[in-house]
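So that you can tell them apart, the chains are marked A, B, C, D and E in the order they are listed, and the count of residues begins at 1 in each.
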Amino acid sequence: ADQEIAWIYCGDKIDPIHEKYIKEWEGRNPGWKVLPEVVGWAQCQDKATTLAAAGTPVAMAYVGSRTLKEFAENDLIVPVPMTEVEKKSYYPNIVDTVTFGGTQWGVPIAFSTKALYWNKDLFKQAGLDPETPPKTWAEEVAFAKQIKEKTGVAGYGLPAKTFDNTMHQFMHWVYTNNGKVIDGDKIVMDSPEVLAALQAYKDIVPYSVEGATAYEQNEIRAIFLDGKAGMIQSGSGAAALLKDTKIDWGIAPLPLGPSAKGEGTLLITDSLAIFKDTGVEEKAIEFAKFITSPGPQGEYELQGGAGLTPLRPSPKVDEFVKADPAWKPLIDGIGYGGPEPLFTDYKGFQNAMIEMVQSVVTGKAEPADALKKAAGELEQYK
Amino acid sequence: MSVRRSTLILAWTLLLPAVLYVTVIVAYPLVDTFILSFTDASLKKTTNWVGAGNYEKIFNGTFAEVIIRTFVWTAFSVAIKMIIGTFGAAMLNAAVPGRALFRVLTMPPWIVPMAIGIFMWGWMYNGQFGMISGLLQNWGLIDGPVAFLAHGSTAFWATIVTDVWIGVPMVTLYMLASMQAVPQDLYEAAWTDGAGRFYRFRRITLPLLVPAMITMSMLSLIATFNSFDIIWILTQGGPNGDTTTMIIDTYRTAIGSKKYGEGAARAVLICIFLSIFCIAYFRVTHRLASEEHR
Amino acid sequence: MGQLNLDGVRKFYGTYEVLKSIQLEVKNGEFVVFVGPSGCGKSTLLRMIAGLDETTAGDILIDGKRVNDLPPVKRGIAMVFQSYALYPHMTVFENIAFPLRVEKMPEDKLKAKVEHAARILHLEQRLEQKPGMLSGGQRQRVAIGRAIVREPKIFLFDEPLSNLDAALRADMRIELAKLHRQLKATMIYVTHDQVEAMTMADRIVVLNAGRIAQTGAPLELYHKPANMFVAGFIGHPRMNFLPVTCKGVSDAGVEVDYRGERATIPVEPRDGIVGGTLTLGVRPEHIHTVPGDLTLTITPSVIERLGAHTVAYASLGGEGENYCAMLPGTVSLRTDEQVRTGIKAADCHLFDENGIAFERRVEMTDIDAALFNPAAA
Amino acid sequence: MGQLNLDGVRKFYGTYEVLKSIQLEVKNGEFVVFVGPSGCGKSTLLRMIAGLDETTAGDILIDGKRVNDLPPVKRGIAMVFQSYALYPHMTVFENIAFPLRVEKMPEDKLKAKVEHAARILHLEQRLEQKPGMLSGGQRQRVAIGRAIVREPKIFLFDEPLSNLDAALRADMRIELAKLHRQLKATMIYVTHDQVEAMTMADRIVVLNAGRIAQTGAPLELYHKPANMFVAGFIGHPRMNFLPVTCKGVSDAGVEVDYRGERATIPVEPRDGIVGGTLTLGVRPEHIHTVPGDLTLTITPSVIERLGAHTVAYASLGGEGENYCAMLPGTVSLRTDEQVRTGIKAADCHLFDENGIAFERRVEMTDIDAALFNPAAA
Amino acid sequence: MSQPTMIHRYRWYELVGIYAGILLFLTFILAPFVEGFLVSLKPLALLFSSPYRFWPENGSLAAYRTMWVSVPGFARYIFNSFFISTIITVAVLLLVVPSAYAFARFKFRGSSALLAAFLAVNMFSGAVLLIPLFRLMRSFGVLNTYFAMIVPGVAFLIPSAIWLLRTYMMRIPRELDEAAFVDGASHVYTLRRVILPIAMPGIAVVAITTFIGSYAQQFIFALTFNSKTEYMPLPIGLYAYFGRQEVVWNELMAASFVGIAPAVIVIFFLQRYLVSGLTAGAVKQ
């Protein structure tokens, strides 16, 4: 009978483009079948992990790249080394998100970066120049304050819910201030750069949407779309959605912190991980590389609205950006981006970061103390 | 073969299928969990025996706080469920037109998939678009939007309210059934003696419901102690861990961080606490039963 | 105080008429018993008096005041339920004190009252117990205690003894009678046990299918039942009924014929009955094994020997008519052996074809002068 | 077939001994009634015979075969429960047919049997109804029908009439007696109602606290109770007991003194009783309003007029001893007015300080020769 | 009770009080459904808009139509839920009826301990036992079949079913068993011909509660032990409305209402049964 490659596919249904290429690949590899199992976003990663932990891994799963180290350290996945040519094809820094211990452990399939969106109408109402976005944190805070005080509407949308995105959002601030969480094997988070980011959080909260800890990025985005926040930091999806609203908006690179050496952003990728001991590892790697190869991937990521940022530069992408300049800040940031920190217990890391952010946002702790405490906790998760 | 022997054999024959089934499906994994709690099982392929290490770790951490929070959360939730459920049952017990419909209308929270009910509450709690904050603003009771899940204290109560909402139909139904079991002539006797409706409720209905209340509190306590989906979907234990209960912590440790050993130890602790409640419950009902006649 | 009038009281359940225009007057201090077969509407009537059930038509007056629309407590009545309706979670003390707590009586006065009631009912030792630990008779007394403390004008009892066993029932009967004399309150008592009715009542109200069949003092009902229903209902074993033909009337009474046996029954005659079929009623205890005015030879099919009495059952003729005789305990009798029995004409009752009794010429004052002034008994 | 022996049967619940070495023989075709106060162990004994409860010690033999370890169906018994235990979801037909269905009897034979039973019990019209629609008496007959179809050697009844009202109870008593004669099966019947025991039994077994107090024909127990327990238990109203002093013995009997009144009771005397305290027993029905061998003046406190009889209750002396007299219905009597009552010495019973009766010199064959051969009654 | 007796006569202010109380109570119970329903009426674009307006402007029932299109398998999910719940209910009844009978009728050493042990099963939420359970399911080879959801579902619904049915059966007079026993009926025959028919109202209650329990609440087992879309039950099916970036809230809510409708209808017709069946069971303990 046919040999099968089971694939845990996150989402509600298989993207038609993926469906098309699965067919194509199966056609080229007789005797092989790809069996995608569609699992909702909220559970797909846990499901892949549970299956692996129980000893019946799927061949391939869609996972956040930040989990790769954990899987690798626990000997659950196989490395997926890239050739130099393959590495080169990606935007800079992207391969780093799946690299650990000198080799690659997954194939990037989805990628997102963030940019600053602002509401020109609100800027106008607040007496700000609607065409001038903030360039620095100080400006960002000041603008937010002015919007809040002049219009009564929140100047900024800060997501700080107990959710992975809260950590991501904060990492953007860290990376726009030249900060670092971990350097090799050393926790270096307790630094002035990171402290400044946390302090900026504290400063902007009073002018942000009430109850930051109740919202994650999509909820904050919805508030922005409703015209109830002056600025947000968001991915490409917001641009697509904004087009359907009456809001006059703009998009710019993320504002920078005092210690910034240039633009920056957090590079978040999702990858296809190939699980060990399924007997079809070789073929799964082959398929994974096929489905993420420039052709299929390019078609997939540029559909728009999905909130993805292209992984690789290509003429098509350039065309795309020309047609829609909103993409420019999203793609430009990649060059200065840093990967998600890789931890053995990334959930532990994530929880510690969330806790730190929330304690500052809710005023429960002073930034310096919160940072020190979190840095200490991180030791056990690396 | 004596009569007693044969009935014993029969009793066990009748019980065997269910006992076997539950043993295989529940007891076996349970023992597995218990053993796991003494190991450092994780995603790693190898596991080592760590003795009571996991338990020590639990008590060296912030778990004490979690335990206390769990108890407070559970106590409030169960108490409010009982109060609202009994109140609802009393209302639905009144012989007024339409009560059959009203009774049906109390059941949806029980029928709807729990996650959906929680999503709906999530909507209600939303500060910007939700019903509660919205209506309160419209009525001028609050100034700006209030995100109920954003603040430690409101999130704590919001999760309790949702838990209450899910548990109330069962409590109401059970209390209603118990109320209908109170002999009508007791009410008539009291009425003849001049006792008003409220007085009758306070002096007759309520005391007679005590055994049913204890039973229901117990069942509801077990469910509440293990209440997971509500907190997980609404707040994931946040903000600042202010809604992290034992079961959330257990899930986060075991499934989130894949520390199966430590998670199992937490699960075992939950079982121990619940067992203590159960034993207390059986004691109390036993005493009640012997206190009343027979 | 304590006087009750029912004026044309009717009760419908849907279209079904349970009580059909009841007319009754109960004097203050009287002990009135409602009897009747199961389902005749006794409880319904009592509950209407209590105010627990609605009155469809007619008026209920207590001390001359229309109370139809008053709640029970405002009517000045107290009710003892068949099931006692004791509160299982309260002590005996609290059960008895309940009505006083409702009216917020001060603690010391309340205590005195409850203890007084407990003394009357011999419950002093039980005050701290819960009803579940009491015997049937004790529970019954607690229920009465709860009624007493309110000092109602009228006590209502719905078959209060029917849950007790025979011996206890006999004891409680006597205690209730004593209580009545002690409290001198009006009491209305429902039962379907005619022994209870006979022994306790000043006056019995016999109900049949929603109507009052007869009202009167116990012995009046026994000696002068107004109709066959009452005649059959009162007295145990029940009265024997024999179909007779009227042969003539005279000053001495009505002459009847039963299978050739003739006798003149001393009752007030009526016109136009000669030649018609009447019913002769004879109580089992008035049948003797010596010849009488009317002599019947019977073959007992069942003989019950109770020691004090011997009850013989026989069938007269093929119609399956049962004939029952209560004879002295010492009588020598065997089943399936013929025996001659005699009846005195003066002991007989006579009913027309509608079951209405002919007035008997029996002087009740011979038995007890108090009978015609029951309240003084 | 149908003969039962209990040989030293004992029953413990835990350490509590409910039945203490019961020795009893029941002849084929006999109607034996177990009576006794509540809790004396009647039901337990019956259930042990049925095989529902285990026997702690001793043997139960049916037709000479030890059945201790046999299930009920193999013992050839059928049982009628106090609650009837009718299956509410089955028709009367199916209820009666149940035992036959269990033994998989062919449909036509089954139908014939059920219809036969229904005819005997006058249930032909009810076969298609459910028990919920039947009256108490009808339900009772269905329960009996279910027992009849099995054609058991022994019928067991546990208070089958206690849920019925008085009138129905009287009717059913007679029907049961007839049924017994018709089926000629052994019947064992438990009741705490002594009227039922007296009227139905060939032989009564009086149980008291787990022991047999006396076994005998009904009138034997009435006239010659072996002890005070039986004397008080049999007869209604219960026997009056008076403390007397023994003044001497003679051939004529025992001379006793009650407050100065002397009489010689015709009983078999015993040695060493002179000067001691004995108990004199007098049944209420043996007290008359004419002077007798023993004459007492009483003041009735309660008078119950039942029509056929008048029962007077009085207290003798300060000890609260109750004295009860059953007088004719026509007697003229008032409460709180003194009346002289007389008792014949021949009617009296005498008990020693242990409550054991002195043998009375009464010739029972005067009453009924069959009494000493109960099975033939 | 064809006619209210006097004690059930309410004065106007009592009526007002009672209806106010019911209103208050039902407001609490139903508010989220009102919110959910309003959400289902609003076009996705209008969902997130403030200030809050109770009545949806240009609301429409469109979501109730599009939900079938955007998740084509939804009818199948409802069917699966029905199917799985039916099997679970039958299996639970088959296991529970004999045990409840045994618990109600026989007292033997350890019987109350065993009963307590059954109750204790309620103490372990499936989440805690997930991984050992998964291994077990795998060794049974039932992963990715309907049985993957049925087998654990049954186990966790047994305890409360036993508890309920036992109390109900304890109220059936013991004499009925004894009478059948005296007539030679075996225990199985008695159970089948006598106890079962009489316990029907109690069994109905157990069946309803079990059905609802499995219809709406089986989530985690379905998620973990089954990978086949065609076997997924309703709760999982509802998650299909969670897109990659966007939750299709209006369709999700519409689908929830459609999905629970069958169960609501069942409850509506059986509510009298439910309360009275519980009444009988509730009296003692």
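Throughout what follows, contacts are C-beta pairs under 8 Å (C-beta built on N, C-alpha and C of every residue); 3 or more make two chains touch, one makes a residue touch a chain.
A quick note: this is a predicted structure, and the numbers were derived from the prediction, not measured.
Student: If you check the contacts of subunit C and subunit E, which chains show up for both?
Tutor: B, D
Student: Out of every possible chain pairing, name the one holding the most C-beta contact pairs.
Tutor: Most contacting pair of chains: B-E.
Student: Any idea how many Å lie between the Cα centroids of subunit B and subunit E?
Tutor: 16
Student: Provide the C-alpha centroid distance between subunit B and subunit D, rounded to the nearest whole angstrom.
Tutor: Subunit B and subunit D have C-alpha centres separated by 58 Å.
Student: For subunit C versus subunit D, what separation do you get between their C-alpha means, in angstrom?
Tutor: 27
Student: Where the centres are mean C-alpha positions, what is the separation of subunit A from subunit E, in Å?
Tutor: 40
Student: Any chance you could list the residues of subunit A touching two or more other chains?
Tutor: Residue numbers touching two or more other chains: 50, 53, 222-223, 226, 228.
Student: Touching two or more other chains, which residues of subunit E qualify?
Tutor: In subunit E, the residues touching two or more other chains are 7, 47-50, 130-131, 135, 239.
Student: Indicate the residues of subunit C shared as contacts by at least two other chains.
Tutor: Touching at least two other chains: 51-52, 71.
Student: Show which residues of subunit E lie in contact with subunit B when the two form their complex.
Tutor: Per the touch definition, subunit E meets subunit B at residues 1, 4, 7-8, 10, 14-15, 18-19, 21-22, 25-26, 28-36, 38-39, 47-54, 94-96, 98-99, 101-103, 105-106, 108, 111-112, 114, 116, 118-125, 127-133, 135-136, 151-152, 154-156, 158-160, 162, 187, 212, 215-217, 219, 234-235, 238-239, 249, 252-253, 256, 259-260, 263-264, 267-268, 271-272, 274-276, 278-279, 281-283, 285.
Student: Enumerate the contact residues on subunit C facing subunit E in the complex.
Tutor: Touch list, subunit C to subunit E: 13-14, 51-54, 71.
Student: Once bound in the complex, which stretches of subunit B touch subunit A?
Tutor: Touch list, subunit B to subunit A: 42-45, 125-129, 144-152, 155, 235-241, 252, 255-260.
Student: Which subunit A residues qualify as touching subunit B in the complex?
Tutor: Against subunit B, the touching part of subunit A is residues 46, 49-50, 52-53, 70-71, 74-76, 152, 160-163, 209-215, 219, 222-223, 226, 228, 345, 347-348, 351, 354-355, 358-359, 361-362, 364.
Student: Across the complex, what residues on subunit E touch subunit D?
Tutor: Touch residues, subunit E against subunit D: 173, 175-176, 178-185, 189, 193-194, 197-198.
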